[in-house]
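What follows is chain A paired twice: with chain B in the first complex and chain C in the second.
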Partner chain A sequence: MFRTRPITRVGQYAALLLYVIFLGFPLLWLFSTSFKSPHELGSLHPTLFPTDWTLGNFRTALAQDQLWSSIRNSFLVAVATSVITTIIALPASYAIARYRRNFVRTTAVGWILVSQIFPFILVVIPLFIVLRNLQLINTLPGLVIVYVVWALPFTLWMLQGYVAAIPQELEEASAVDGCGKVSTLARIVFPLLLPGVVATSMFAFISAWNEFFFALVIITDPGKQTLPLLLARYVGAEGSVNLGPLAATALIATLPSLLIFALIQRRLISGMLSGAVKG
Partner chain B sequence: MTRRLMVASLAAVTAISLGGCASSIGDSDSSSSAGTKAPGEKVTLSFSSYAFQGPTVKATEQIVSSWNKAHPDIHVNYQKVDPNSVHDKLVTQFAGNSAPDIIHDEAADIAGFSQQGYLADLTSLIPSNLKQNVPDSVWQSVTYDNKITGIPTIAQVYNVFVNTKALKKAGVALPTERNPWTWDDLMANAKKLTKGNGTYGFAWGLKSPTSGLMSSSLACGAKFVSGTSNPTMTIGKAEMQVPNDVRKMLQDKTMAPNSTSLGGSDVLPGFFGGKYPMIMAGNYVATQIDQKAPQGFDWTMIPLIKCKTQDQMSDPQTLSVARQSKHPKEAMQFIAYFMKAENLAKIAEGDSLIPVSKPAAAIMKKDLSGKNGWNVILDSAGDLVDAPWNKTTRYPEWKSDIATPAYQEFLSGKIDAATLKKRLTQGWANAKH
Partner chain C sequence: MTSVAIAKRRRGSSLGARERRTMWLLLIPSLIPVALFSIYPLVNGIWLGFTDAQAGYQVVPHFNGLDNYSRLLHDSLFWSSFKIGLIWTFSVTGIQFLLALGLAMLLNAGLRFQWLVRPLALVPWAMPSVVVAILWKLIYQPDSGILNAFLQDLHLIDRNINWLGDFSLALPAIIVVGVWAGMPQTTIALLAGLQAVPSDLHEAAALDGADWWRRFSAVTWPAIRPVAVAIASLDFVWNFNEFGLVYVLTEGGPGGHTMLPMLFAYNRAFGSGQFGYAAALGNAMVLVIISIMAIFLYRQLRESR
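Right after this comes the complex of A and B.
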């Protein structure tokens, strides 16, 4: 059996440590900045941790009228996008993965790939006009529809990889044992697909949670704005930034995503691995 | 192509291709089809503003709130927009016929919207006292084809901020309003203040050098652009003087070389830390100095650097009325209220910018009691002159694609003056318009 040499193992851990630092440093810097005073933020020699910890930035962030409504709006939009996208993508991805010689599959795959080519900026004005005609401008449902349409192709592509990785023989065995199609899907396919469903719904959630440009164009009422719109207002013209309150608000804004990730981390990782190896 | 230009082009294409969905601009005329409010009728106006600093946002909220209390039949809804997305958002809203009634923007940005017919002509609606309170040269900067489409509110100038203790220690006397420094004086004093060991006399955050260099060049008689229908660019001695002086300071190491890669306010930590006792920046930086300077840090703004004059580019923030608005008269009434001296002074103080109206500047002078050189900076509204390039459609693309990289290469010594001139003029001729 192959054994890793100790020096290789040390190298692997060192590389892993560097990678963790690379990933974690921006978050650490965000955390540190959110506790620094304006004077310290203007210092010529910035320090990793504040020399004089302050909650002033959090007070400014929490004094924002729209902070809680923005968090609520972002959460509602992200959850709705995630749920609707998954509900649509689940049966569709099964059809794409299993009915391989079907015309619908070829068309769907073509649509998925082509849709990824268009940049936001190309579709935003026609989309705005369509939503305006549907009376959906400045509404959260309007934003959810846009996010679902935008996230669906990639979600579908991701999920059909997970479906394809489930051996068809399991479904055949289930049929031999007397299960109907629906029962097979519910008892055999869905439990095996669950990690993939979690991974794809998280993808849809995060896309909607972080999205800025569509929200900028569609939402005008301050009470309906999402978190990225609120965060953008800390950045002024000519590169001036209210860095402390921005960091504090961003930290508060990151917490819900972190919490959700922490709760479903195991399922998500197994889902990602499943897709990576077998997809 | 820049994102801004791309959005503008797309808007035009979409407005044409979706003509059936969105009413075209030509369909309505603000002055003819706009409704006049019937007695007792309640009107709601939307007002988008990119006010950014906390005190300015608060002042804007107070103005809107006091207006709504005093005018129960004309209600204004305040919509906050982030400063960096104003253009993109407006392009989409104009194309979708959903623009706010009252739009906060800036002179250079409304030039394109004015030419495309998206903004109402306010010339006949402006109250006479408001017209008189603002210098003619500033009105000129918001006049497009003889139509005023934006009411100028507050403006910025590029001025030098100095660490007064450091200058005193080095025996450098501060200039006065009557005897401002020339570029030669600035260069000589930068030399006196340069000590080596990473301490330079002067710094200017020139990561985006075009606006600052061109605005400062106006004082030397620079025109850059002439002609209206097909404007041409000329780069002569006047247009090259400021870039040449800045390059000289960089070459003799009296100006911090790293500052050319920094943004306007990124030089502040070095200014606070004693790395450079003089910095050039937009006067809005005063807010950040107030907030971030260490205790005991003494600073002041000095009068605008003189060349032949002290002229600088007038690119004020503006309040416009969308041509799609059904109530331009009521919108203008609100703008006139916003422009009342006490209101505008609060807005300008919040942003550390100069109110273009004289009565507002007088209130601000009184409020600030002349601290940090504010008196002399507030007087500089009279030095603001129309910058012809701001009204050309090719300027935004030329600025980002041609001028900014060319100026950066010139300042870093990669290209000489002749090459810079050639690139600027040829780039202008080839820029889309």
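Right after this comes the complex of A and C.
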């Protein structure tokens, strides 16, 4: 590398620090708020860290049955979404990656891009009517159906990138050795694909766990609400009064996504970009 | 030549009948749900925009041509929501792009502490948008919020400001949140673009005595331009269609001053049950997005030639 002047370096570190504050401070503040006592939260001179740390907010939050039922609902919906999405996307992504000189690939990529342009409102009104006719409105399975379809474009995009990264010669060699298509897929392709599959299904899990808009439209029964709905209701109803428990609940709702995200960070990024770079 | 390739040639086409059947079998599990729950609703949604559809059961929608659109043109709430929507979209996308480009270049400059900053730049992505909204609601709290306390300590303000409740401050306040929330994908895309720029090009330019700006405009920018155009376009579309963040932060208030198009359409559809009118709003949104994108991409294409 060529030399950078020291003064430039200082400027760069100063800029980096500003970014760290901008990006990190809101997170730190949520963390700190969730450990503060009600007394401290009412103070006109808030401190960066709690003066005495308390778990009271978490106790209050976790004592609510609604939180537990929301966690359960969110978990069921997210697991179902991630399993179903992965299972149906896996074969399709193989087809998209391998049969390249076919209109299928162009159509699929075109659809993935075009589906981004249309605002959800256009999709959600007919979906609402369809689910109502199927008696699936206000049910968790109804929500899962919507999430599966909604998570598919990105799932396909990531998976086809992982498939394309497996050299086709491997499959051909296995065919020469007398393996049929199915056993080639099962013995050669799938094991190599497994890390990518895990990352992709976890991504689908996070998407479903975090989703808000469709849940808002489809679920009205408080007993069936997911975590984002519960949080939004808190904010509307009592958020300004009960800042501590609100922050604690928000933190609890974020933990699973953050943990998973930390695990798959690298793969997620390379998966996203593999498609982008190869085109 | 491998036996597979020979076998392919013998069958006489690049994709034999049997392979074609395999391909469709692989695609069908995805195609069915997509057709039923994505393509059909989308087409139906576009059509509903030309009808008088209502929310109630058993109400048959009637085609009413362009009625919704002539009503829309006379609806001052429509004009204000689209104006707010465009201010929001251009500000968030623009600021996000510049900030993310700066961050990506720093992350690509071989500084220390990158291991700390890189994950930090990604975290907002993993958070539910509702939680992002809550984070910033805590910061913007009028009475005990940290932002007011901080500005008071610096004597920049002398009384607490209700950031999200003020007619003129609410929109800038949510724009900051929008920028924060969208930093990750923009930074990662641009960083990937930067990492693909060969460093010897930079070194050659530096040896020739090119200053920082020359190196950026002559080497870096042309190389990352395709990625930059792609991510800016995607950000634009995503920001224009934003809903959850602002719904939780302000619900479009105060006095409709943060009523983005999606919030307006949502209220029409599920607040007052006007499905047809809301779908027409959706169609208008698509029209706006496509026209702006067409102009932007056309100019980009012409310039890059």
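Here is the rule we go by: the second predicted complex is superposed on the first by the 216 of 279 C-alpha atoms of A that agree within 3 Å, B and C clash if a C-alpha of one lies under 4 Å from a C-alpha of the other, contacts with A are read in each partner's own complex, and residues count from 1 in each chain.
Operating definition for what follows: a contact is a pair of C-beta atoms (placed from the backbone, for glycine too) under 8 Å apart; a residue touches a chain by one contact, two chains touch by 3 or more.
Keep in mind the model is a prediction, meaning the values are calculated, not measured.
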Touching partner for A:Val197 - first (chain B), second (chain C), both, neither: neither
Which superposed partner A:Leu159 touches (first chain B, second chain C, both, neither): neither
First (chain B), second (chain C), both or neither touched by A:Ala80: neither
Which partner, chain B or chain C, touches more chain A residues: C
Touched partner set for A:Leu246, first chain B, second chain C, both or neither: second
Which superposed partner A:Leu122 touches (first chain B, second chain C, both, neither): both
Touched partner set for A:Asp221, first chain B, second chain C, both or neither: first
Chain B versus chain C as contact partner of A:His39, first or second or both or neither: first
First (chain B), second (chain C), both or neither touched by A:Ala232: both
Contacts of A:Leu258 with chain B and chain C, given as first, second, both or neither: second
Contact residues common to both interfaces of chain A (with chain B and with chain C): 41-46, 121-122, 124-126, 129-130, 132, 213, 216-217, 232, 235-236, 239-240
For the chain C and chain A complex, residues of the former touching the latter: 2-5, 14-15, 19, 22-23, 25-27, 29-31, 33-34, 36-38, 40-42, 44-46, 48-49, 53, 57, 99, 102-103, 106, 109-111, 113, 116-117, 119-131, 133-139, 141, 143-146, 149, 180, 183, 188-189, 192, 196, 199, 202-203, 206-207, 212, 227, 230, 234, 237-238, 240-241, 243-244, 247-248, 251, 261-262, 265-266, 269-270, 275, 278-279, 281-283, 285-286, 289-290, 293
Chain A residues touching chain B - in the complex, by the definition given at the top: 38-39, 41-46, 60, 121-122, 124-126, 128-130, 132-133, 137, 213, 216-217, 220-222, 229, 232-233, 235-240, 242
Residues of chain B that touch chain A when the two form their complex: 3, 6-7, 10-11, 14, 18, 21-22, 46, 48, 50, 52-54, 78-80, 82-85, 88-89, 91-93, 95-98, 100, 207, 263-266, 268-270, 272-273, 275, 282, 284-285, 287-288, 291-295
Of all residues in chain A, those that touch chain C in their complex: 1-2, 4, 8-9, 12-13, 15-16, 19-20, 22-24, 26-27, 29-30, 33, 41-46, 87-89, 91-92, 94-95, 99, 101-102, 104, 111, 115-127, 129-130, 132, 145-146, 148-150, 152, 156, 169, 172-173, 175-176, 181, 206, 209-213, 216-217, 227-228, 231-232, 235-236, 239-240, 243, 246-247, 250, 253-254, 257-258, 260-262, 265, 269, 272-273, 276-277
